[in-house]
Every structure is written in C-alpha cells, then in structure tokens.
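Data block below; observations after.
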Amino acid sequence: MGIRFFITGGTFDKEYNELNGELYFKQTHLPEMLVLGRSRVPAEVTTLMMIDSLQMTDDQRELVAKACREATEEQIVVTHGTDTMAETARVIAQSVKGKTVVLTGAMIPWKFGSSDGLFNLGSALAFAQTLPHGVYLSMNGRWFAWDNVRKNKSKGEFETL
Amino acid sequence: MGIRFFITGGTFDKEYNELNGELYFKQTHLPEMLVLGRSRVPAEVTTLMMIDSLQMTDDQRELVAKACREATEEQIVVTHGTDTMAETARVIAQSVKGKTVVLTGAMIPWKFGSSDGLFNLGSALAFAQTLPHGVYLSMNGRWFAWDNVRKNKSKGEFETL
Amino acid sequence: MGIRFFITGGTFDKEYNELNGELYFKQTHLPEMLVLGRSRVPAEVTTLMMIDSLQMTDDQRELVAKACREATEEQIVVTHGTDTMAETARVIAQSVKGKTVVLTGAMIPWKFGSSDGLFNLGSALAFAQTLPHGVYLSMNGRWFAWDNVRKNKSKGEFETL
Amino acid sequence: MGIRFFITGGTFDKEYNELNGELYFKQTHLPEMLVLGRSRVPAEVTTLMMIDSLQMTDDQRELVAKACREATEEQIVVTHGTDTMAETARVIAQSVKGKTVVLTGAMIPWKFGSSDGLFNLGSALAFAQTLPHGVYLSMNGRWFAWDNVRKNKSKGEFETL
C-alpha cells in the first residue's frame, strides 16, 4: 500500500535567504531526499503547510490529524518542527486509530549540508513500516510513544518523560 | 542494552585516493555518521574488516557470523558491501539465533556527499530495534528477509525473489 | 612573503545554532577552507572580529585599516560581510598605501554546503597576488576598485557604479 | 569581452558509477560551479573532450591549442587532468600568442563534496583576468608559468622546477 508523507515545514525544510540573511520556506526537500536515499517504498507526498512549528495553531494541528484520519494509507510519516512535535502528536493520537503515524524532523536544515534530516527520514520510514498502530516520534535514531516524550531544549534532543 | 555495529567495509566506507585516483579504505565513517544523525541509541562499533564485499571469503563471512553469535547485544547492524550482502546474510542466518541482525550498506561512498549511506543507516538502526529476531537486509528504505532478497545489479537496487 | 588574511566575520563564517534556530559566529572556517583548496601560498590568518558587517562601527573599520597598515605582508585578503564591504574598503583606502588589499565574503555561509565562499576565496587569493597596489573587492568572480563598486541588494551581487 | 572555458575532463569532472564502482565522465559540472560561485564574468563554456589526462594524445593536445588559437576571447581557462597538465600547457604555449591561457583542475572530483575544484576555479578565473599574456597553470592557490612547473606526484601538488 505504501507510505503517505505529510509535510508541515519545520527546520527540516528551512532555507537560507541570501538577500536578507533570514531563514524561510520555499518547498519541501522530501522528494529529493527520498531519491538520494534510493527509497523504493511506494510513497505519496502531500504538503499540508510550510511553517515553523512554534507558529502552529490548534486549527493547524487539527488539520494534520484530519489528514491522517482521511489518508487511505495505514503508514504515515509527518515531517514537523521539533519544538512542538510532541503537541501535534498528542492531537493526532486523540482521533487517529488503526494507523501507524510517525512524526519526525531535523535539528539542522537539510539544505545546510550537515543535517540530521536524511538519517531521521531513514529511521522514520523504517519505524512507520514496523511499529504497531499508534502515534510516535522518531528522532535521535530512537522512537518514542506520543505520550512519553519531550524535547529537551537545552540539549536539543528528545527523551522519555 | 543498545546496538552493536559490525563494520566490514563496502562502498559505504570507501574513500578517494587523490594521489592515484583509486578508491580505498581508511577507517569507518560510522561513528561520525551517528554523530551527524544525533543518534542517542547506546551503541558500540567494532570494525571486523575493511574490504570490498566482492573480495570477501567464506572464512571472513564465518568470522562475521561468529562476531554476531558472540555479541552480548540482541540488536546488531552490519555494514557491508552491497554485491555479496545477501550471501553473508545467509551465512549469518545459519548460526545466529535469538537476535535481530540487519545488514546495510550504500551505493555511493559516504565521503562523496551524495551518498545514500546516512539514510540507510537511519533505516537499519530503526529496523534493528523493531523487527523480530532474524536476519535482514535494509536497503532502499525497505527491509528484506535474508532468504527473500537479491541485488538487481543492473538497477542497483534490492528486490524480493 | 605570503598573504595575510584578516577575518572580520560576515556571512562567510556564520553558523546555524540548532538550539534556537539563529545564525551566529563561532570561529572562522578560513583555515579549513585553505586546506580544502590545497592552498600552498604561505599565509597567516588573524581574526580581528567576528561580526555581521551591518553592526560594524567606524572604530572597527579603522581597526581593520590599522591592521592592514601594520601588516608586514604586501598582499592582504580581508573577509567581510557583504552589506558594508564597500564602506570598509573606502576606509582602508584612505590610509593604506603600497599594498594590495582584497576584501571578499560570501552570500551563503560556508557551513551551509552550497556556499560561494570557496570560490570567492580562490578568486580573492589570486587577485591579491596579481593586482597592483590598491584596495579592491572580489565577488562574483570579478574584482572591483574600492571607489567603483556597490552591492546591488535586490540582486545580491556587486556591480560598478 | 569575457572568458572562454575549454573543458577537457580530468578529475575535476569525474563521477562515481554506482553500478560498477568505477569513476567515469558524464558531462562537465563547470556551469553549475559558476552558478554556485555566483560568477558574473561573461563566460562561454565549450567541451572539447572528456578524458583522463593520462589518456590524452598529442593530437588531442594540439586540438586544445587550436581551440585556444581560434577563440575570439583573449582570456581562456582550460580545465584539465592534473597528471599531464604541464605537457598540454607546453603545447599550447608553442602556438598561442597574445592571450592569457590558464589551465586548472582538481585533485578530488567536484561531485565528491570535499573537492578543491571550486577553489581552483575561482583562482583560475581571477588569474585569467589579471595575468599578462602567456600560458599558466593555476593550482594550490598559486599560478605557475608553463615552463616552470611540475606536478609532485607523491605530494599531489604543483611546484616550480
């Protein structure tokens, strides 16, 4: 059946605007990353929004959950900013049943060369294919259940509660 | 308990010798790749050999299997050249029980910038944590049981039999 | 006699802080860039400051000029933010005589992988060795006399007046 | 009037064939490198051949010299393998007058991420604009007159005789 990717933005997809020195979003790099990883998993990619997760509203989180509910695929990967990834996971978990949903992101933009994004994408894609139904975060090579994870902002990594 | 990584070489770890224009092995890049991926999975890395998998002898395959048997970890990732990865998986499967062993590699050397290695490493690490005991290959974002996989050399990708 | 490099910061040396998503300065990447370029030009590197050139004060520009005056080398490359590079060049030109001073920088940070920095460094180093005494900017593969250049901020490139 | 680039291949433009693990030539990366460097020097790029310079015949060297003679531009950059760069420079010098011709190359293929190619290109482009008429090599951040240079093959760098 394949994997559905939902894109919401986050550091993962940020780019550097050389005219004003600020970071911004253009379009997702996920398809080219799947090509680079030589992924042969059937996949469809849908961009829901392109935002910094600190700006994500409740309505937008609900929109992500709705997209997961309505997807025909049972295995879903959501790319998301790390700052509020756990909050969106909680909202998804409230209404999405019978699917494996894995949220992932990056600490360094993919375009910056030294990103963890490709590693995280490889992990998330694997976890989405193997973990039982439920909602998870995949970061730091690990998976976390949605109700047992937080971002440690001083370390820049995820940990169990 | 953590993951044990066994390094055997393969394209994954090849480097370019600028003095003679040939590819060669220096030392594994796996530790720096785990740092780049910000992996926080407890891991130990052991280099068994640094060879092109087309050169791997039966004795060397048995040495890899022995290392897997004797490892105290239940979850093992073996980096390996893609050309004979399936053969080594078969040898490991003959004698290693009660563990999850995932072989992975790369089509492009990690040092060459456009490698699939970091993606594959992320996937293999995730599969090693989630698949039931057994011996598997992880390439192209997918996992394959050791007895149902071959490399399609004209396409440069792995497929089921 | 060799080349003297004076570092002042600028986009060239900016890095991404993964904890807060902001750009900042750590230390100059110029030495590693010279290694990557396999430069064999005798060179000494001195960091004068690490700032965004929009923040550079008159006193700091004078400090750069003073460093150029007092350097024993006749050939000097100054790395500098692009926004006020032309202003600093003017200040240097007022008091530095009998030397070739070339200012250069980058539109994209070196650490971001897709930077123009290495190209600009190669050009600046070459111009410093071949142009007659005077003060110049080197960007976009070209050289500009200090009194006949401006940054076109909407295009992100340099042009003659 | 601008710069004419003549492409002959060399390590500069080598790529990795992931199906057989060998290095090969596809097409030149020079145009994308000029884009990355944000070069605004008027330039035209002509591919003469795509070969390893160890394979270059006398006829092919003469072909390069002929292309330099017939070019309408006065400033020419030739990309070339490093192993016989000095020999081709000698052939060019025998018949090309009234022009500045700069040969350059790379020790590491541009596609491999850690290449010196972009640095060398920046230098060569600058030297072509500033050196008096003559034939030169540009490597290691330096320029060499065609009759006073050799490649030190054990060090992988260029030096005067």
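Letters are used for the chains, namely A, B, C and D, taken in the order the chains are written, and counting of residues starts over at 1 for each.
Throughout what follows, a residue touches a chain if its C-beta (ideal position, glycine included) is under 8 Å from a C-beta of that chain, and two chains touch if they have at least 3 such contacts.
The model shown is predicted, which means the values in this text are computed figures rather than measured ones.
*Asks:* If you take the chains that touch subunit B and keep only those that also touch subunit D, what is left?
*Replies:* In this structure, no chain contacts subunit D and also subunit B.
*Asks:* Distance-wise, how many Å sit between the C-alpha centres of subunit A and subunit C, to the nearest whole number?
*Replies:* Taking the mean C-alpha position of each chain, the two centres sit 39 Å apart.
*Asks:* Express in whole angstrom the distance between the two chain centres, defined as the mean CA positions of subunit A and subunit D.
*Replies:* Averaging C-alpha atoms per chain gives centres 44 Å apart.
*Asks:* For subunit C versus subunit D, what separation do you get between their C-alpha means, in angstrom?
*Replies:* Going by mean C-alpha positions, subunit C sits 26 Å from subunit D.
*Asks:* Would you give the residues of subunit B that are in contact with at least 2 other chains, written as numbers and ranges?
*Replies:* Where subunit B meets two or more other chains at a single residue, that happens at 107, 114, 156.
*Asks:* Give every touching pair of chains, nothing left out.
*Replies:* Those chain pairs satisfying the definition are A-B, A-C, B-D, C-D.
*Asks:* Going by the contact rule set out above, which residues of subunit A touch subunit C in the complex?
*Replies:* 11, 14, 16, 18-19, 21, 23, 52, 107-109, 111-114, 153-154, 156
*Asks:* Across the complex, what residues on subunit C touch subunit D?
*Replies:* The contact residues of subunit C facing subunit D are 33-34, 36-41, 107, 114-116, 118-127, 129-131, 138-143, 156-158.
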